[in-house]
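Presented sequentially are two complexes of chain A, the first with chain B as partner and the second with chain C.
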Partner chain A sequence: MATMPLSAAPRRTKPTRPRRGQAVPALLFLLPAILGFGVFFAWPVVRGVYLSFTDYNLLSAPSWVGLENYQAIASDPVFWNSMVVTLQYVVINITVQTIAALGLAVLLHRFTRSMVIRGVVMLPYLIANVVVALVWYWLADYNLGLINSVLDAIGLDRVGFFGDANIAMTTIALVNVWRHLGYTTLLIFAGLQAIPKDVYEAASVDGAGEWRTFRSITLPLLRPVLAFVLVVTVVGSFQIFDTIAVTTQGGPVDATNAITYYIYDRAFTRFDFGYASALSVVLMTILAVIALVQMRVLRADQSDLER
Partner chain B sequence: MSISAPTPRKSRNKGSGDPLPRTSPVGRVVGWTSIVLVIVATLFPFYWMLRTALSNNRAMFSEPLSMLPVEPTLGAFQRVLGLQSTADALAEGGSVGNIAFGQYLINSIIVCTLITVFQVALSAMAAYAFALLEWRGRDTVFAIFLIALLVPGMFTLLPNFLLVRDLGLLNSYLGIALPAMFFSPFVVFFLRQFFLGVNRSFIEAAVIDGAGQWRIFRQIALPIVMPQIVTISILQFIFYWNDYLWPLLVGQTDESTLLTVGLGIFRSQTPQGSPDWAGLMAGSLIAAVPIFILVVIFGRRIVGSIQSSGVK
Partner chain C sequence: MKKSLITPVAAAASLALLAGCTGGDDGSSSSEGGGGDATTISYGLWDSNQLPAYQQCAADFSAANPQYTVDIEQIGWDDYWSKITTGFVSGENYDVFTSHVAYYPEFQKNNQVLPLDEYIAADGVDLSVYQDGLVDLWQSPDGVQYGLPKDFDTIALFYNEQMAEAAGLSAEDMAGLTWNPDDGGTYEQAIAHLTIDANGVRGDEPGFDKDNVDTYGLWMEGAGGADGQTQWSFLTASLGWTQTDGAWAEEYHFDDPRFAETIDWWYSLVEKGYMPSYAAQEGISWADQLIAGKAAIVPNGSWMTGYVFGSASDTFTPAVAETPVGPDGSSWSMLNGLADNISATTDNPDAAWAWVKYLGSADCQDVVADAAVVFPAIKTSTDKAVAAFEANGVGVSAFTDHVDAGTTVLFPITDFKSDVNAIMAPAMEAIMSGSTGTDSLVAANESVNALFN
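What follows is the complex of A and B.
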């Protein structure tokens, strides 16, 4: 799941004296997990890297081609286009979602402690991507959808939300903002609850106004939470697939052919597993670099409170 | 999550402790208006699903702005469950493709239950070994497990597809479930934190009484973390219920198609000119309603666990 506790550093247990004899029960308790880790995680990773150096069409055995796939990727216009549209998606999705969630979290924190309201806001996040995509595909349908019918009724032009190459990726990014807004809001809300009240009292004694308080206290103290939210949502956002698969299927003319959809397309409609594996390695490398840079820049593991 | 300093006045609102700050009347109107707008924007699409699913697909096209179902009928639900005759389906302007959401519903329930039960039970065992057993190399092994959390699912997808194919498990419940059944790094991580909180004097007393580790796990540690086991089980069930790409690759026969995959198939079968929107929304509701029920029953737990995942 996309949720991951903020401080990944394991909480230390008390350094107890190592007891003899617990290695055997430990191994027995861990046996299923080790089996699953080895067979369905470690081995596939190794095999995926290996396949990226081969030509493999599922029918005959993979044949070693060295760096050929990677060279082909470097000069593949569809790959570069997929990077551009994926980036476009991530930027719109993350910007709108983070700002909206920050606003909503501040509002909720200010006005209500209702669990029901928080539950309602979170609801879209728990519904399948596929369902969310279909509902919005219907609401935004060109001919019969409610949104275009309303636009038409008030005398505006209909919009090809999913059919217009200039708009489709923005539409998909906003649909997923709708789905993820509540999740991001809850994370930020929890961050707001963790800010000590006396900091605000001190600020109001000093006569700081609302905006000033938000800028000089709330935002800086939220930074670790925002950093965590950004790392998790950006990495998740890069892997956009479901929404595209059930709506535009990469079109119109590759306008929504994001990188994961392109990998799927190469592997399962063109059975080019070697090439698709190389694309996966490229994607994983990009994600690792992004996560590392974000952690460094945002100092995600330090809280301003402790300085 | 850190608990704020004890507040003198008891909060009128149930839920978490701290009192609400005072706000000017204008601020309150603006604030609440925004909150209500967000709630409406959140709930309206779900209402529109229901309105569409209960409409006659043919009649609906002439009244796209009607807020109520157009010529209300249960036809769309009957159609996607395979209970409507072809003639009736055509009369209502519905799709006549082969769609069996009743079967998909059963498939989804079986596969997601299978994954959740095994994954949570086996991950709990691993979490126990990482939290409460002392052995050399424990922290290193735990760190290696956590790497699995960081590698994007897309990366293991293609090789795992090959593996399941080679095992002859394509288009079977087990093929869809197997890679997720043994452990989840997220669940191990989540439960380990709660096992760490188990009071060690209970365990040492049991050791002195001569209890084996399995008995300590089953009869002492597990009951203490049971609330968290329930929470994580619900979250994982929902996650696999909603999953699309993996079951799309591995389950393609009627007997192994999950609900999300069935929706995708239905959508792609829909003719370009006059799509069966009523049917699609009925199918979507069948996929969404079990989640609504879980949220109504367990909403508080789910909200709590998502919030606490952000702040430690």
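What follows is the complex of A and C.
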């Protein structure tokens, strides 16, 4: 994906038209993917959209209620609160993660060839989300956690990282930055490697320093990759769930009741599958719009290398 | 962070999809167990501590009834209810499963569990052998019985005996604490005295630093939501207040001044530094805080006895005392009990009933009693369990005296239970975080009662 824009050079030969005999084998090869897509994505979306217009508790048949669920969502304070805290999470998570990953990737690219260091950067991403969440949850415990013991030892006040309504969402956002930093770094790093060396050599000949090189060469040429990274991470970030589910469970006072957690709560705790489906459709719409806008604004399909 | 755009929809909807695909075969199929055509009864439970006892029950049951075998599956609490609910949809549910009053009203309302009255009448099952109140928990609003009680739980004070002794509090002192919502009585005095700050100053001594507490006299295990089962229900009960007027009531009383003054007193402990703030209690569980010496007293349920008493160490000597005596002169506890439900999806209701009847009999409950994990619902089996606990050196009368004395209030059971919780959990968290006062309970109560209109 990262190198895709670079390969969009003018084609020398026309693509060969598929010969008649290839259609059947091609279809056979595609069948598992199509089946998976149909069964696990397409049909559930259709079914989910249908359920969003019903009152459905899973145990008895869905009954059609028209737009009632959507009207209820519009005036549901918990939904609006969940949008606010989700946005809060996304902003903190994406800002910190993207800046840190960019910095880390540039450092890796410019200053080290060590596979060990590159591997270590990826390590947190290899640990399961739930494990990461629980380990940080315990580390950050107010009374028994290591972090608070250290804060206490150096004379600072203890912090209720997960229990203080003003801090909990920030804590969760930073825990996930810790886990996803390596993965994001790797994506950007791949993008950096696709930038031709001669551009850097030219910059160096022109007497550009590290900072100037970064601003005038690395950043512009990295734009398509950054756009891709942002679309993927923002869409993923909106779906924060597991860290919340194993730590705060939406509390304190809904401070971490993000939209996906609220959907889960409505569906699986309160058996309100119609309402939860409507919430899901709202989320899907929001994410689709965000992805489209991002692609447009960041011109992800064009590289400055071509100009 | 998942990378797919439509995962939430997919998750919700694929369940329904799977439901359509897997109608065919069913949990209770015939299998060739031990020669004949034995009918297999599938049985679900969530507590791994109780698994060995129920495996023994199942073996005894099959030995006495060779036409049946029981296939037990244990799944942790967190996944258990999703499994049960989706099991109803798919038709693949357990024939019989351990049930909880917070969940079964929903199942009963949707006709997913079988009524037992005809079986009970036909087999002449004596419902008076169970501890008082437990049978009622498993009756629907119109008086239909859906479960036979299997065990019960009550609340008492777990505490660290070493800390109590160091504070000059004997076991008798701890068992005879009094409480009132005005000054907290000797309960609050003990809590204050057991609280120790980082400089070793006790909570009731001059120079106590409430912002730097090393051991809290009392631990807060969350804000208690709508039930306050282990947090405050034993206090409010002594003021004559309960959430509702009996099972299946359609009105909650969270706007009652007695509830507000209890919570006001409870929150005052945070302000005094005797109990962790909401922010400070979030994290490692109360039991481990108690074991680690961060708390001296924690009210909690009898189901935690095994864990707490199994964690004795050089610095932690587990002990248990009755909840404090309230203004009405009695120590109170919330009473909750489990029972076994039969799924409506079962192919063999008669076989399922035979197993439920056995689970509800003294034969099986005595086996459970000997395991000394929970208190069985049958009175004579309860006594056996108490003896088994005592044989292990654990005195549990602080839990069981309540059922003898009748000083129990039932776990609130109503319609819309999960919706009530969804309103009350954040409301109570806001109060216990100090961001709102107990006057907010009036509005919360209105939202709760609006559910029933």
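Following the convention adopted for this analysis, the second predicted complex is superposed on the first by the 269 of 307 C-alpha atoms of A that agree within 3 Å, B and C clash if a C-alpha of one lies under 4 Å from a C-alpha of the other, contacts with A are read in each partner's own complex, and residues count from 1 in each chain.
Assume contacts are C-beta pairs under 8 Å (C-beta built on N, C-alpha and C of every residue); 3 or more make two chains touch, one makes a residue touch a chain.
As the structure is a prediction and not an experimental result, all values here were calculated from the model.
In the superposed model, A:Ser237 lies in contact with chain C only, and not with chain B. Contacts of A:Leu156 after superposition on the shared chain: neither chain B nor chain C is touched. Once the two complexes are overlaid on the shared chain, A:Pro32 sits against chain B while remaining clear of chain C. Greater residue coverage of chain A by touch, when chain B is weighed against chain C, goes to B.
Shared-chain residue A:Leu59: touches chain C; no touch with chain B.
Of the two partner chains placed around the shared chain by superposition, chain C is the only one that A:Thr248 touches, whereas chain B remains out of contact.
Shared-chain residue A:Leu51: touches chain B and chain C both.
Once chain A of one complex is fitted onto chain A of the other, the partner contacts of A:Ile99 are absent, as it touches neither chain B nor chain C. By the touch criterion defined above, A:Thr260 reaches both chain B and chain C. In the superposed model, A:Phe41 makes contact with both chain B and chain C.
Across the superposed pair, chain B and chain C both touch chain A at residues 39-41, 43-45, 47-48, 51, 129, 137-138, 141, 144-145, 235, 239, 241, 260, 263-264, 267-268, 273, 276-277, 280-281, 283-284, 287-288, 291.
On chain B, the positions that touch chain A within their shared complex are 1-2, 4-5, 7, 11, 13-16, 18, 20-21, 23, 28, 31-32, 34-35, 38-39, 41-43, 45-46, 48-49, 52, 60-61, 64-65, 122-123, 125-126, 128-129, 131, 133-136, 138-139, 141-142, 145-146, 148-160, 162-163, 178-183, 186, 188-190, 193, 196, 200, 212-214, 217, 235-236, 238-239, 241-242, 244-245, 248-249, 259-260, 263-264, 267, 275, 277, 280-281, 284, 287-288, 291-292, 294-295, 299-300, 302-303, 305-312. The residues of chain A lying in touch with chain C in their complex are 39-41, 43-45, 47-49, 51, 57-60, 78, 129, 137-138, 140-145, 157-158, 160, 162-165, 167-168, 176, 180, 232-233, 235-237, 239-241, 248, 251-254, 260, 263-265, 267-271, 273, 276-277, 279-281, 283-284, 287-288, 291.
Against chain A, in their complex, chain C makes its touches with residues 1-10, 12-17, 81-82, 85-86, 88-89, 106-107, 110, 112, 211, 276-284, 288-289, 292, 294, 418-419, 422, 425-426, 429-430, 433, 435. Across the complex, chain A meets chain B through its residues 1, 3-8, 10-11, 13-14, 16-19, 22-23, 25-26, 29-30, 32-33, 35-37, 39-41, 43-45, 47-48, 51, 103-104, 107-108, 110-124, 126-132, 134-139, 141, 144-146, 149-150, 153, 178, 181-183, 186-191, 193-194, 196-198, 200, 225, 228-229, 235, 238-239, 241-242, 245-246, 260, 263-264, 267-268, 273, 276-277, 280-281, 283-284, 287-288, 291.
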